[in-house]
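Each structure below appears as structure tokens.
Look for subunit A in each of the two complexes below; its partner is subunit B in the first and subunit C in the second.
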Partner chain A sequence: MVSKDDITITGSCRITGNSAFLNGEPYFSSAEKEAFPVFMKALYKKVGPGYPKFYKMDPLTKLGFISAELLLTDNARTGLYPEQSRGIVLMNASASADVDRSFQKTIEDKEDYYPSPGLFVYTLPNIMAGEIAIRHKLKGENTVFILPTFSMEFLTDYVDLLFETQKVTCCLAGWVEVDDKDYDSLLLILEKGGKKKENAYKLPFTKDVLENLYKPD
Partner chain B sequence: MEALIEKLKKEIIEALNLEDIEPEDIKADDPLFGDGLGLDSIDALELIVLLEKSYGIKIEDPKDGKKIFYSLRTMAEYISSHQKK
Partner chain C sequence: MRRVFAVADNVITSLGFSTEANIAALRSGECGIRLNNDPSLTISPVPLSLVNSDNLDNAFSALAEPKGFTRFEKLFFLSASRALGSVHFNWKGKDTIHILATTKGNIDLLERKNMGKYSRERQYIRDSSARAKDFFGFYHMPVVVSNACISGVLALNVARLLIQHGKYRHAVVTGADILSGFVIAGFHSFQTLSPGPCKPFDESRDGLTLGEGASTVVLTSDPELKGNKKRIALPGGASSNDANHISGPSRTGEGLVHAITRTMNEGDITASEVDFLSAHGTATAYNDEMESKAFSECRLERVPANSFKGYIGHTLGASGIIESVYSMESIRQGMLFKTLGYEKHGVSKSLNVIRENKHTEIHRVLKTASGFGGCNAAMILSDTC
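Up next, the complex of A and B:
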């Protein structure tokens, strides 16, 4: 039987307000307050995954993808576990509303009615989870919850249940929210005890720790 | 024809968000799919929309897409022979 005490955070990525933090340390920050697309492109160049499909993604998927990219480079942690039991649990408040609105603009004028296939494919938040799953071979349980705010209690309870019922052996989990100009994410790598390979970054998976990682600068 | 090919390069880069690609990177006779630009099925649908929106050309039979979108030149030739407006 696994308790929450056995689950540890072995990686964290926080992105908001033109700054990205990896495992609590500043990773990248733009000098000036830039719009989300400009900041994301600069961060993509810094991370350098060489994945041109990134440019086709909607803003929500870009944020989730780049967060995962920072955390899962070379699958250093998730690679320790079987692909079929690597889970994803994501949460946000606006689902895919941001790209939904962009798509809506392509169909609202009957005289200029050209539905965009490239936008339509992202009009579900689960697509973000799918893109991450494909990229990093996370083939286990994957879920995206829509909640009014980042409920750390819900996240810890749900992930605990996944570990307890052995649905996952490691999990990428957290909050990824984009709505118009606002964006905000905290993504974590979670492992059961992290016993397979010690990791320098290791925090208990508790509400208090999550609040500390999520707090504004 | 060459002017149309150059115009198509810019339109395709913008429509398909090929941000790391410059117009000069796309050769007129290179395949757009597969080993060429590496476009996918969603890109193919966007190209169909591009033809209709920018040139008023509707592809009636999707099977024709493979020939029409083989390269920039085949696209330009199709547009030249089918454009009404």
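Up next, the complex of A and C:
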């Protein structure tokens, strides 16, 4: 039983191994041999947000953006809460290392020197949070943590306190990681109780539930 | 709810390797920014605030042989070590968390000249925090906050929240960033670098100056734990997002207004009770204008305000912690520091920008920061212990 004061997961999106799962159910997958950018493009077309800025984003931001898009297109839960108290808390292991290497290539040679602001800006992992914030008007607390592995304990501890102190009334939270060919994400919609209408998908926000949602199939 | 206090600190910048050396330089109006033409950093001359590498190695050699460490690790570990050296508690215990605020960590290891010298893993920020865990013997894996230019203020807010609610008893919060070809080229491509030392809130301001440094604050809820300085309380803090643009501040300042409003509500203080406003003040045209609108909206226009960027440049992920320590010293020493580079008021709203150093009683400080990704953060520092 979930009481109305408990923090609940009212949506989950897991993307790994060329497959996307929405609320635990398979949503989309493509052949495993397909590279990440090809898979991302196919997933983007399936979700269909019509948001051309997507193509300018770095791979990390694309993964976070599409996860949020999938969750909130399915069920616009964050729209039920005031913009200023919609939070976003993300965590990963590699920060923006993937796009850092891309930007480094543009400045390595004096003869072939072409740094661009459009690429440089993505060399901050919180730009991913910023792009999601713009798209879904999440104007509250926003934090990006870096840890060697997905620390579900720290994430639940911190997000619990954001709710407890009423800094947020709803929150997108999770793990969004990209490094070279490897990528891996679990993004959640969190609410207190699950406001207004009954939502079919409702899980307690605990370390054990997160472990279950994150485990490989 | 437990009350949270800062009990020890350190600052390392171009102005010196201790908080005391930094404050002495601020008192005498010393500027740490110099024109730099080092080809490994820049393709054209640019003013920078750099920490002297030989002095860094000399200071670091008291801890370990400098050769085994990168420039970033040396700054980071030296700052944390010096802060920990001025207060007695068991930081290796389960009740201590270490938080690192940085935007780029060991970013210079991506350069071709450093290829093969270090393991690939060392390029990652997570490697620096794992090394800190071993170096200091922390019980928990350190947590990194990487939120562009608000990282420092945000890391202090995160630590405060965790201690306030009893998740940990103590926190060691370090902010560190180095300057490298990567960061300088990036800001250069944005055309936001000033040709001379930056001039926050000035009419002729023409961009920011980059700086590097590290700073550490030890926070605790233990009423018995005392360092060698007057304790400073952290009663409130908040962050917000403009949800407007990833690389430009909001035109209205709405996001910063929300961060400040929620911070003052949490800290239970009003605008008239703020004695000093430590602004972000990068000296770009848009940032300073945005801040002036937000401060005016929050009725802070009469509060003495400054930006420390004219002394040490914009130290990125470290800036929020360095400037918070400077602000704590403002409270302890009863001293308002002038805004170096500010001559003629150059933002649309009226602000009380400090022109000359002034001795006065300071009880409460509001510290703010804003950054790429549309993020804003604010916090209160108070002498009411």
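Structure notes:
Here is the rule we use: the second predicted complex is superposed on the first by the 208 of 217 C-alpha atoms of A that agree within 3 Å, B and C clash if a C-alpha of one lies under 4 Å from a C-alpha of the other, contacts with A are read in each partner's own complex, and residues count from 1 in each chain.
Just so we're on the same page, a contact is a pair of C-beta atoms (placed from the backbone, for glycine too) under 8 Å apart; a residue touches a chain by one contact, two chains touch by 3 or more.
None of the values given here were measured: they were computed from a predicted structure.
In the superposition on chain A, contact is made by A:52 with subunit B only, not with subunit C. In the superposition on chain A, contact is made by A:41 with subunit B only, not with subunit C.
When the shared chain is aligned, no partner comes close enough to touch A:26: not subunit B, not subunit C. Using the contact criterion defined above for the overlaid structures, shared-chain residue A:117 touches subunit B and also reaches subunit C. Within the superposed three-chain model, A:82 lies out of touch with both subunit B and subunit C [touch as defined at top]. Look at A:108: by the touch rule set out above, it reaches subunit C but stays clear of subunit B. Residues 115-117, 121 of subunit A lie at the contact with subunit B in one complex and at the contact with subunit C in the other. In the complex of the two chains, the subunit C residues touching subunit A come out as 43, 103-105, 107, 110-112, 123-126, 129-130, 141, 143-148, 154, 158, 161-162, 165, 167, 181-182, 185-190, 238-247, 255, 258, 262, 266, 371-375.
Across the interface of their complex, subunit C is touched by residues 83-84, 88, 93-95, 97, 100-101, 103-104, 106-108, 110, 113, 115-117, 120-121, 123-127, 129-131, 133-134, 137-148, 151, 154, 157-158, 161-162, 164-165, 167 of subunit A.
Across the complex, subunit B meets subunit A through its residues 16-20, 38, 42-43, 45-46, 49, 52-53.
Touching subunit B in their complex are the following residues of subunit A: 41, 52, 55-56, 114-118, 121.
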